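Okay, so here's the structure we're looking at.
A, B, C, D and E label the chains in the order they appear, each numbered from 1.
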Amino acid sequence: MLSRLLSHDLPRSRLLGWALVLIVLALVAAPFLFPGAKALAVAAKTLVFILLVASFDLLLGYTGIVSFAHTMFFGIGAYGVAVASTRLGPGWGSVLLGFAGALGISLALSMLIGLFSLRVKAIFYAMITLAVASAFMTLASQLSDITGGEDGLTFKNPLWISPAFEPFENPVLGLAVDGKVFAYYLILGVVALLFLLLLRIVNSPFGRVLQAIRENDFRAEAIGYRTVVYRTWSNVLSAAFATAAGALLALWLRYVGPDTTLSFEIMLDILLIVVIGGMGTMYGAVVGSVAFVLAQNYLQDLLKLGATALDGVPLLSQIVSPDRWLLWLGVLFVLSVYHFPTGIVGRLRAMALRLKA
Amino acid sequence: AGEVKIALIASKTGPLEAYAKQTIVGFNLGLQYATGGTMTVAGKKLVVIEKDDQGKPDVGKAALAAAYADDKADIAVGPTASPVGLAMLPVAEEYKKILLVEPAVADSITGDKWNKYIFRTGRNSSQDAAANAAALDQPGNVIAVLANDNAFGRDGVKAAKEFTKKAKIVHEEYLPVGTTDFTAGLQRIIDKLKDQPGKKYISVAWSGAPTPFGKIADLDLEKRFGIKLATGGNILPAMVAYKNFPGMEGALYYYFGIPKNPVNEWLVANHYRQFKAPPDFFTAGGMSAAIAVVEALKKTAGDTTTNKLIAAMEGLSFETPKGKMTFRKEDHQAMQDMYHFRIKSDPAFAWGVPELVRVIPAAELQIPIRNTR
Amino acid sequence: MPGTPRARLGEAMLETQDLTIRFGGHVAVDHVSCRFEPGTLTAIVGPNGAGKTTYFNLISGQLPASEGRVLLGGEDLTALPAPLRTRRGLGRAFQLTQLFPNLSVRENVRLAIQAREAGRGRAGGIGGIDFFRVWLDRQAWIDEAQAILEQVRLGDKHDVHASALPHGDQRKLEVALLIALDPKVFMFDEPTAGMSVDEVPVVLDLIRSLKARRDVTILLVEHKMDVVRELSDRIIVLHNGQLVADGEPATVIASPVVQQAYLGQAAQEPEGAAA
Amino acid sequence: MSNPILELSGVHTHIGAYHILHGVDFAVPAGEVTMLLGRNGAGKTTTLRTIMGLWRVSQGDVRFQGRSLKALATPEIAHQGIAYVPENMGIFTDLTVKENMLLAARSARNASELDTQRLEWIFGFFPALRKFWLYPAGKLSGGQKQMLAVARAICEPRALILIDEPSKGLAPSIIQNLVTAFNELKRQKTTILLVEQNFMMAKALGDSVAVMDNGRVVHTGAMRELAEDDMLQQRLLGLSLGAHQ
Amino acid sequence: MSANTTAATSPAPGRPKPGEPPAGGRPPYSAGGGQQVPKADFDWKPLLILLGLIVLALPAIGSPSSWLTLTAAGIAMGLIIFVIASGLTLVFGLMDVLNFGHGVFIALGAFVATSVMGGLSGWAGDNGLAQFASVFAAMAVAMAVAGAVGWAFERVIVRPVYGLHLKQILITMGGMIVGEEIIKVIWGPLQIALPLPDVLRGAWYVPLGNGDAAIEKYRVLAAVIGLGVFAAMGHVLARTKVGLLIRAGVQDREMVESLGYRIRRLFVGVFAVGSGLAGLGGVMWGLYQQSVTPQIGAQVNVLIFIVIIIGGLGSTLGCFVGALLVGLMANYTGFLAPKVALFSNIGLMVAVLLWRPQGLYPVTNR
């Protein structure tokens, strides 16, 4: 049953299995386990990133397409919800309409990019998408009447997922339940569903062809697969899932802006998570997102501890200063690419194989 | 007894790091000054919780929520960047706590996006623009404006047009942020301006690096066409470029040598002592915000209930390094003096030194109230 | 030839008309017109660089023709891209091995089976693209893949990644992919090159059994003359991109053009030397 | 076997976790052609790569002209006067035929310094190389690439040439040329260690032979001996070759 | 041989002449064997397009003096961009390494220049020649420092990921983040002014039509340096074996080593040179903007990537033409239609790729 749910794509490593169980439990119980605004925000961001990264892995890990335009679709999803909610006023109607509109735009755009540029060599495609994404970001800030420009858009959610919604008089299990908790569970539900769907897609006959294309597209053509069609499909599907992730992020933040969804930095985060987690495994997205979002949010706090310990030491205290957290993130970045060539999941699976042998 | 927790949120990392650092230094100096070094108000200890928004609106938003909810901050101060500020506004409303905006400048913070929990000590774009306009607003002056092609730039030009009564604005040139080559834009301005009668100015309202000043200097506009440059003030490192424009006029928010008052004297002296350098643009802003917080707390006798604080702050006047500021009741924007300056090139300083031409008093800058209560 | 009684066989009839390709000033295949009958094995020989591989590339669509047409069972395939030609029944094994290196040996073959079934409209999904079924549920395909691997004696290596196979085994897997496609026209490009002598018979037996089916057209590029002599029903000779000889194996091999340009003037019959 | 130029004694090689060579012993006499035979996967390629330093010797020693190659890096081994034609040909597909040759000729700094005499000699065997001299090597046909790979190894005089299956994909007439070329090289006192599946060629060229199986040398001797002994062939190579080819 | 034989080009010195009997005395096995297939002609089209753009801009702009001002500025800007991008092309074209960390060397060069020129400003004083010398000193030191850091960068960061584009992108990006932060630790997070020395200030004015065109002095210097870099790279890559070796080494390192070359040393050397060029570019860029921030590297990244895509990823000539196109286009559209200027780079890129999907001068097999 569980195996069917996971499309027979099991973790294939006991350690990984337990880690996943732990992560799922923690995310499900997060509002109760880790009270506080920051913890919940981190959990929600983790969820959104799981979906976002998984959708990107479909493209990168399974199809072997390097694209830098993934944040574009993420942004479209977020802006869709935001623009509709600001223009039409808060409400489920606006959210759905905005999402539908965003999905339409994403699909059209991804199809276009796919058909136009998937014929060029891989590196060119990567570079082209880099430029397209930066042009799109410029466009988003230029159309400030619609998008709010660099300032972005702040908007209100439908009632029962907005913070003002407080259905219970008393705390439930020690938690003052408000609309944010509902929003969190909405995100959790949607992410879980879409993640399982992605898992199904990569384990379908279609998904196997994507892997074949990744391995040797010339050969895939020669046995009768039209790679442009498959690649375009892969592009379109991953764009659709990214759009959904964007919409969820918008619902969580009740804000969108170019820095939050479209920036190159986020693109890099996604890339890094895919690589840390393990390319070509959906579970890598889960493990990687958790590790990365935690590091991103708590590294500064960690450094604060280190800095106080080293207070007074001239150069060193400068270097471990919390303001230099990016330095350490960069170092982690480099080290993890180094030490996890096949990602965490790849590592764990290899370990499991060795244990078996 | 007890504590008052103040969250100070700034872009401590990211491109605006330098600005944020100044704000933080200024804020801490301000608390010291206003409490006479005791760091207590009405017997309550002031505790500052610094937070980093990384220059990202979503991070800032989460940081503010965490400050209110997890750290139980009573008041929050910040942030550095306007987009972050705008994203934060609803959080203050949600938690029903005060957010004192400093130094984010967007008009809409105290305009259409405003809510009653928002105060601002920093000047807004309109104040900047109005002051700059005031500096140039003489009959017979012909002005071309050069501004960023974004909401900041366009709002600024709109405000400048509102406040330009006697001079004539003949051309508006918007260039994207991050423009590296200003040749084309300047060529368009030159073509527009060169045959105009009267005193000709290029009024630059530019934020971000790179700046067009070097290029303007290299083109000898004044000598060739009699076109002068006018622009607002900036942080000291950016004013190095002003050295090439002795005589340039404009209006600025703060320069440590200009305001003559005890607060500023204290700030300059202490800043020199601690950092061997003069205080800068945002240091003054940070200090003003701290003074505002302390004065408000003094008025409520340490009571941090939000409604009491709001009542205390509306209309509150307080002394800052740039003289008296007053929170306007309607939109909670601090009304403040600005300074009309003229640049002097002084070999003792690495930057172009702005000399005071005249104080543009707060009363003269009647910025329209743009919020709806 | 549509409409003839030999419909099934006629379908497999391959024809090229004036097929030509130029690379800049260099004409690699020069107006080659030829018909290949079902049930026969035609060997294509010629010196290195004669254009044999390029001729295959033109037929199966890896290269676009500068001139001329490719017809299969009377249908003009010239405008079709390679995958669609494969679906129409042109199968190809490459001179330089082309596999899916980091997939298992069996998965390599299974993918070919899936492609074939999709081409025949039997794979389900939208136009053969099936997102929602789990691939493991297609047990029949997996079994068939295993069966094909047994045929080329790779059955026990089904789990290994293709990249870890020694050279000879990779050549056999290359052939297995072609078998799995079950095309109407089989094109082998030096299938035994680099294979050790004891492995060669496995592949040759396979080709023989295909020939025995009598309903498929087989094209074989091979430099080993003993293999050519033994297997082929007909030999065509390419030289500088042109078709210079065509006929019975014995006649063609004996012709001066082959003796001089291909085997080398001084070439003695290999058997002669060995005996 | 008076004067071996290359000696392998008890060579073990590991590739990653796999133990591929299990103590390879044989010697290559100077100025002769030594054939290295064996079935697919026997370890022939691995042996050549080990000599070139592309795989590390994990145990045992490789000596060339009396000097151990064990500690040397590949470029240094090449500088001892050893040329190598790898199994996959190692053509630089981005470069033209000319540029490929130029790289192989270490002493020539640019095209005008190539040894014209020797080039003409090579073009005699492989006329296609002249024709496609300025062509990107990646666009050559399979056999033409193989010719280029061999041509690179012989474009300057070397003491020892290691060649991995040069005849695969070559037309019979070119194989003839190859045999002639190797014979001429031999006359110029070049030693050749040749891996070959084409038994006809092995017979025509080989002076001595080493047969490998499962990462070991299972037979050494004179080529003529093996060529005439069907039983031995059957035992070592799994097939009686004389009858077949 | 059929009648369509191609005429052989006139043989270069030392190349065997077609048709000559082979020295070995063996007859060629095919009659056509002696005919050489000629090398493709030099491709002039991109250069013609560049010229066409310049010529067409004149009627569009109208005033000849404005046109000359913009053209001169555009060419100079293009050449500066060429210098900052050249190191990247070199490293990508030869070593197939996509160095997203290239920007950090640009920033490093610029910051080193602030220190050097700051230090020398007292010494140079009002002496024009000395000021000039200080600029060159800054360039030399910046190149040396950036080159040395590049050396280390290759050893530590790039070496494990040769041949793996994706990892290269990530790891060099990581290196860039680290580098940028270290710059902040050393020089502080503030923007630092990098004023042009007085000799390089100002412009020359060329009377033309009804106005005069302004040609800034610094841009002339920058253009001269840009051309110098281009010529030097062209020479080294076309006339020496180094270029060949590295290109070959990227494809098959083992084979190059088997031929007897120590490829690792060359690789690290090329990387250091590429980084040094970035350092030089950084000085030029910093002087051009007269101020530097730690972010300038990241800011120019997209720009230089666009340039090298337009050029054909790895082609020096392509990068050169691409940079000039970008510089001119930015200036022309900035004058004619500033809104369009925002998208001029990407528009240019799309147009070029529609025409030539591999860029102006495609590098084979990539």
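As a convention for this text, contacts are C-beta pairs under 8 Å (C-beta built on N, C-alpha and C of every residue); 3 or more make two chains touch, one makes a residue touch a chain.
What you see is a predicted model, and the numbers here were worked out from it, not measured in a lab.
Chains touching both chain B and chain E: A. Averaging C-alpha coordinates per chain and comparing to chain C, the farthest chain turns out to be B.
Of the two chain pairs shown, A-B and A-C, the one joined by more C-beta contacts is A-C.
Comparing mean CA positions across the assembly, the chain most remote from chain D is B. Mean C-alpha positions place chain A and chain B at a centre distance of 36 Å. If each chain is reduced to the centroid of its CA atoms, chain A and chain C end up 45 Å from each other. We define each chain's centre as the mean of its Cα atoms; on that basis chain A and chain D are separated by 52 Å. The distance from the centre of chain C to the centre of chain D, each centre being the mean of the chain's C-alpha atoms, comes to 30 Å. Among the residues of chain D, those in touch with two or more other chains are 128, 132, 173-174, 177.
Multi-chain contact residues, meaning those touching two or more other chains, occur in chain E at positions 29-30, 32, 37-38, 184, 342. Residue positions 47, 261, 264 of chain C are each in touch with at least two other chains. Put simply, chain C touches chain D in their complex at residues 23, 46-54, 95-96, 166-169, 190, 193-199, 223, 225-226, 261-264, 266-267, 270-271, 273-274. On the side of chain B, the complex with chain E involves touching residues 15, 17-18, 21, 149, 173-176, 178, 180-181, 183-185, 187-188, 191, 209-211, 213-214, 217-220, 224, 235, 237-238, 240-241, 243-244, 350.
For chain A in complex with chain B, the residues that touch the partner chain are 36-38, 41, 138, 141-142, 144, 148-152, 154, 156, 163-164, 253-255, 257, 259-260, 300, 322-326.
Only residues 38-41, 45, 87, 128, 132, 139-144, 146-147, 165, 168-174, 176-177, 197, 199-200, 203-204, 237-239, 241-245 of chain D touch chain C when the two sit together in their complex. The touching residues of chain E, counted against chain A in their complex, run 98, 157, 160-161, 165-167, 169-171, 173-178, 180-182, 184-185, 302, 305-306, 308-309, 313, 342-343, 345-346, 349, 353, 357-359, 366.
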